[in-house]
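Everything below concerns the one structure shown next.
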Amino acid sequence: MSDVKTIAEPVQEKLVFDRPKSLTKRGFTYCPGCGHGVIHRLVAELIDEFGVQDRAIGMASVGCSVFSYWFFDCDFISCAHGRAPATATGVKRAHPDAFVFSYQGDGDLASIGMAEIMHAANRGEQITVIFVNNAIYGMTGGQMAPTTLENMVTTTSPLGRDPILAGGPIRMVEILANLDGVAFAARGSSSSPRNILKAKAYMKKAFRSQIEKKGFGIVEILSNCNTNWRKTPQEANKFIDEEMVKAFPLGVYKDVFADKSKK
Amino acid sequence: MLVEMIFAGFGGQGIMTLGMTLAYAGMIEDKNVAWIPSYGPEMRGGTANCNVIISDDVIGSPTTDTPGAVMVMNLPSFHKFEPKIKPGGTLIVNSSLISDVSKRDDIKSFYLDTAGVAKELGNLVFAGMVALGGLNEAMNLVKTESLEMALKKLLPEHRHKLIPLNVEALGRGAALVKNGS
Amino acid sequence: MSESQRELMKGNHAMCLGAIRSGARAYYGYPITPQNEATEYMSFHMPKAGGSFIQAESEIAAINMVFGAAAAGVRAMTSSSSPGISLKQEGISYIAMAELPCVIANVVRCGPGLGNIAPHQGDYFQATRGGGHGDYRTITLAPASVQEMAQLTYKAFDLADEYRNPSLILSDGVIGQMMEPVDLATIPAKDAPKKDWAVGLGQDKRERNVHTTIYLEPEDMAQMHLKLIDKYDRIRREVQYYEEFRTEDADILIVSYGNSSRVARTAIRHLREEGKVKAGMLRTISLWPYPYRILNEIASNYKAILVLEMNWGQMVEDVRLAIGDKTPIHFAGKHGGLLFTPAEIEEFVCAIDKDPNNPKTAWTPIR
Amino acid sequence: MPRIEVIKESCKGCQLCVPACPHGLVLFTKTEINQMGYYPVEYVDPEDKCTGCMLCAIICPDVAIRVYK
Amino acid sequence: MSESQRELMKGNHAMCLGAIRSGARAYYGYPITPQNEATEYMSFHMPKAGGSFIQAESEIAAINMVFGAAAAGVRAMTSSSSPGISLKQEGISYIAMAELPCVIANVVRCGPGLGNIAPHQGDYFQATRGGGHGDYRTITLAPASVQEMAQLTYKAFDLADEYRNPSLILSDGVIGQMMEPVDLATIPAKDAPKKDWAVGLGQDKRERNVHTTIYLEPEDMAQMHLKLIDKYDRIRREVQYYEEFRTEDADILIVSYGNSSRVARTAIRHLREEGKVKAGMLRTISLWPYPYRILNEIASNYKAILVLEMNWGQMVEDVRLAIGDKTPIHFAGKHGGLLFTPAEIEEFVCAIDKDPNNPKTAWTPIR
Amino acid sequence: MSDVKTIAEPVQEKLVFDRPKSLTKRGFTYCPGCGHGVIHRLVAELIDEFGVQDRAIGMASVGCSVFSYWFFDCDFISCAHGRAPATATGVKRAHPDAFVFSYQGDGDLASIGMAEIMHAANRGEQITVIFVNNAIYGMTGGQMAPTTLENMVTTTSPLGRDPILAGGPIRMVEILANLDGVAFAARGSSSSPRNILKAKAYMKKAFRSQIEKKGFGIVEILSNCNTNWRKTPQEANKFIDEEMVKAFPLGVYKDVFADKSKK
Amino acid sequence: MLVEMIFAGFGGQGIMTLGMTLAYAGMIEDKNVAWIPSYGPEMRGGTANCNVIISDDVIGSPTTDTPGAVMVMNLPSFHKFEPKIKPGGTLIVNSSLISDVSKRDDIKSFYLDTAGVAKELGNLVFAGMVALGGLNEAMNLVKTESLEMALKKLLPEHRHKLIPLNVEALGRGAALVKNGS
Amino acid sequence: MPRIEVIKESCKGCQLCVPACPHGLVLFTKTEINQMGYYPVEYVDPEDKCTGCMLCAIICPDVAIRVYK
């Protein structure tokens, strides 16, 4: 209903940052300050930007993000622990024009799901993997993950992760970048606005890999689990920047778009 | 004797440990005891509560929907558990955080300003012990020495120096109940 | 001489043919003897039919690919043999809980462990009681011929869709690898039904579809359980398949399925031809739901029941469940992957016929 | 005039936005509790210093900040 | 006041304590709620006891590490909860076939699928019928208290070694996470027995030891089967554990185990205190072998039997197997991870007591 | 018993090549010309040379070598398909002084067993892995393996392995060499006497890695499956030298002994 | 009619296909048929054999220990299966490779120089067909046309030009039996 | 004098040793069949050319060759 307008009409204010359309109205159930929220938003923004919401199908993994289908406003499957890449494969082969992504934690992807991620990548499945590495099993209460740093104390490495008995942190994108089926592989971080923007740029390429049918795309994002790290969110993000990146260097490990020498 | 109790409050109020302390003390007195946690669906944040049972007989059901006593440390817990108390049962209310009052006349209710007492003892962490002291007094469950021994078992060595203050808190809580606050 | 629609086929091939003709358009599997012919057949014929084939990295990956394809609305199948089926148990439990239709074929070999590749019926409990965790059941059909490999697989897809539940085909190495005629006319090619609950494209024109198996609140989960129980009860009433052979006038009733039921058929013919014992057979085709009703109805017509299984006694429990104390139950097992011989069975039947109530030979769970 | 809006019912008081703002316009004042039981931050910008740089919004894990320009 | 040997412990901790005191020196596990306390406890205490702890990359890796440790002669254990136990099925089948002793603990959650982390009894069939492939069984013990978590785990290792067979501990989220006193005197620390069949050092002084599960020739495999069957029959005769509660003069017999049996105990007390019904209980402690013998012996003393399970009817089949048509069987299930309440049970018992033979309410597999 | 000696006693003839002591008397059951036989012999020779027969414990995998315990004269476990590294872990932790090795095919190790090999390697288990890559599933009759070459026809890639749908050959030692727990990783071949000697030298280092407690050692050996490749043994070995090595370059990928800069 | 047969020989002799051809021909004549392979434990090399059943009735047991007819193409198979033949049954022996002779007088035995005939037809591969022709004649199982049709179904297109020679081989085998060789 | 010995009962006639010998001393003569049903190769070295280089033995998958020096 148009009302009588005041004479001095203000300059139209523009909403330049708001909740992306591809997120439902439901508030995240993550702990305050948890990186999952930021990463969810980035994924949703990209779904919006690429205009694929009506053909996006997400694979929730088992971890704190098990309920990510509560938050993403598109078709979803809640997969068995570690098996999201296999389930995504079944979906993508059925709907080659869908935008299929999995959202997986480090326990899910790098521990129990090692075989499935390696083989989906090697097959060059046209899917996009968002890999949230918080160096710990968040959902189950802070056990050691394959990505846990050396000497880091967790509930199952009470004296610190001993590399002699339990190995060291496993670097998934470096490993995956070796596989021919992988079009894009990079590692970003959710620890600061600057890193978040960079991570989003990486994710954008992983999206493009699928949409342009170049192959498998994965972005690992270092994320805080402030609760199980027993730190404040701010301390936790600082820990990412100061400690975690030493074991997990940020950057692009494979880029089908950059590497022009590749066919 | 069979007493089924629910302890309820916020996540950070030490509810679980209070329940364990009582259960441990019961065990020390050679009673059958059981303690069982019940978290909300999301493990972190929100309310926490536990069931404690003390019995002369072998304990059957480890949980109860009709507790003989309830100790509530925050408002949502008051609303949730106050109606469930068995007729003739006991309600301990942390009046420092809960301003509501029970309207039931078939139970005995005690309103303890646990925070007030705790502050007098120098630290808010003693609030729970005050409530526990009150509950123990109201229900006549275990000896204070047993609770003290339980604390020795449950607290890590470096916190043993706090035991006297905890015992004091128990006593102050008991006194509040005895004096019918 | 009729130039019929019959083709001589291997059981494993017939099974796959039945799947493709029923509209299956996704097959994900991992090699294992004695079902390799299935994976191999699908690697050629599934793409030819416009469907998707992947040799998965493992049986676990395969069942989870099926999970995805089923959620995407495609008739999807996986097959394996015993150890591989064990690995799929978590996935099957998920698919059952998500109420997604699919078909899982177990060309049973002889376990436990690596065992051998000979036929066996040791996976009966796993198939009928749900080897995975939680309260779920899978419709389980047991073909006894190559024709049935095609036909029951075809049927299994229909049942899976009708009830939104995984179906199992339980055969064995002999039935998988033997050749017999298949009448192609009995399995006309058709399109799979469309599923409006499937994930996929065009979400702007509908509500979004979500498939999950997690219900954190016990109250919500209980609702799901009641829904499942209700469905299972419906299936139990509606799906009880069996075949009677010479039961009309029999004194001894053999209960058997699959491979062993074929040998029993030969034995029954011999016994009757030789005028020794009037034996008959109830061959159970659906193993879950088990045809309890008919068995209970007819049990008291016989002097005794002989349960034949290539294992040490699994289905025999279902027979006892069905008939209680009505009729004495006897059991004959066969081990190691060896097949029954007709002569063996005949001997059993004769012995039982002489002394049907002998508590020493009768089967009982009580030790 | 650039400005932000804190969606109080979405904010969990994690305070990541507080140091993110180059002008210190987001404050953890602990003045009110929202329905989830958290203290939402407050946007305090009496001098209209906000540049709409969005840094606060970008770091926010709960999409609790809207930015206007 | 006795300064007894009693300690207040969580069920999951007590289980691990029982394992270590029985001489277990290897634990391999993967986190899953509601058994995380076990893996966490072992990460600290197993190395302290001089044993080996690994957080495995998956449940599958864990069970296969246990396979190795068991073959190496060490008392070895893994624990998990329902979905993780499904993943172990192939491995369990291998270990059973290789006749290696070990203990597997399932702190059952509510399935199928991801379900939730509340207690449930939906994995009964999987545990007692062997969720893996082939004809094998695992000794299955169901503790109903924290004390029993310690004691039965301790016992499970002894049984495993005695019969060279895997043992299962079947508990649930409540029993795993509750605290009760454990009398440490009942589980004295001891050394595990030496095993001369184990792989290891010093092969110059003995024959080499080989553990395998493959017997390609059906005749050889059949020999193995007969050996296993013989062993299982021995176990079935020798291991039937149960507890009777107020059965002497009861009219209605409740049959239950684990968690539900505790609530039943409370209900029975109430019913008797209030003079309503004389109910009693047979609590089954060994689930495989099932205590068929006692149940069959006493069944006819009661007007009716009420089977209580937190599922939609699994153990009830064992009750039917045991007693056939002797006594009417009734069933009450509980779903979603909710616990029975004493009041519910009391209501059931009263209804049954009034009309024990009502075919409408009685349980039957026949649909 | 000493006998009367002939006057012109001949120079004592020396047996310089014979069946190693660590092989049983049983003849191999492999197809004529199959590479498994050569590789078995090398392993046995090294067990002899290192003098570890009385503390060697082998893990047989599932594949044509499933019965390798018939041939190696030491303690053995026949493992579940793909899980030999996990079972080896359980054994090694129980007997840290034993010499524990697994003998695995490419289907076993690189397909179903991907997670187990990656994590055993990452933990730096003190075990030695002999990885026989014949680019196919031999035992089950010639299905595609993760190592099957592009366009190679197998019974499950009847039109040739299509890299678009099935991915390309996966290079395990390159991948494993990335993991910190790995002390030695190399790829040899059994296709010629020269390659066999080189392969043995590699295996020797993988043995040393374990014996000197340096960490996980793996040697991948390209091997023929002449039966399923449908070639004569000689053609098959030629195929290794001319085709297979292109996808699987021979050489050392990690060597804790060479790399002096490493601690 | 119910005929249970075993075909046995070396791996490379085409035993499996011979069995399939007969089964297929039986099917063409609207009979019930079953074919089942039975390899030795090691799949490669060694002996291969299969069971073929032709019956008017629904076929029960797919295997048999007491075959009505046996066709043996090599010596180990002769030793293994000759004793199992049902009294009154038929034995077809590939005398080109087997010099032994059955001592049983309760069966009909035929010794066919399959290699000799095959060489005359220009290729040793026809030896199997000669034996099959003999078996079919001895047992009076199916028409030659049915076998020819079966071959059309079973042989890949590019080998159809060999069908006339195969049919000739069948005929030659039949003739050998008819002439009581 | 270096020489080799072919263990006839171990040899499967795969013929890998034949081209391996630099002096052509191992021949696939198809003269006899062993118990496994294979034609073992033969060592034919009338001129004592064998150097004991072991190449034939190294390539042999069935340890069917012994080498003496």
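Annotations
Just so it is clear, A, B, C, D, E, F, G and H label the chains in written order, and each chain counts residues from 1 on its own.
Assume a residue touches a chain if its C-beta (ideal position, glycine included) is under 8 Å from a C-beta of that chain, and two chains touch if they have at least 3 such contacts.
Treat the numbers as computed from the prediction; the structure is a model and nothing was measured.
The minimum number of touch steps separating chain B from chain E is 1. Taking each chain's centre as the mean of its C-alpha atoms, the one that lies farthest from the centre of chain E is H. Seen from the Cα centre of chain A, the chain whose own Cα centre is farthest off is G. If you average the Cα atoms of chain B and of chain D, the two centres end up 39 Å apart.
Centroid to centroid, with C-alpha atoms defining each point, chain C and chain D lie 61 Å apart. Multi-chain contact residues of chain H, defined as those touching 2 or more other chains: none present. Shown for chain G are the residues that touch two or more other chains, namely 41-42, 45. Residues of chain C found to touch two or more other chains are 54, 57-58, 60, 83, 90, 94, 98, 114, 116, 212-214, 216-217. Residues 60, 82-83, 85-87, 89-90, 93-94, 96-98, 108, 110-118, 120, 122-123, 125-126, 129-136, 212-226, 229, 232-233, 236-237, 289-290, 292-293, 296, 311-312, 314, 317-318, 320-322, 324-326, 335-338, 365-367 of chain C are the ones touching chain E in the complex.
Chain H contributes residues 1, 9-10, 12-16, 19-20, 36, 38, 52, 54-55, 57-63, 65-69 to its touches with chain F in the complex. Taken together, the chain C residues at the contact with chain F in this complex read 30-33, 36, 39-40, 43-44, 54-55, 57-59, 83, 114.
Partner chain F is touched in their complex by these residues of chain A: 111-115, 118-119, 122-124, 146, 163-168, 170-171, 174-175, 178-181. Against chain H, in their complex, chain F makes its touches with residues 13-20, 23, 27-28, 30-38, 41, 192-193, 196-197, 232-234, 237.
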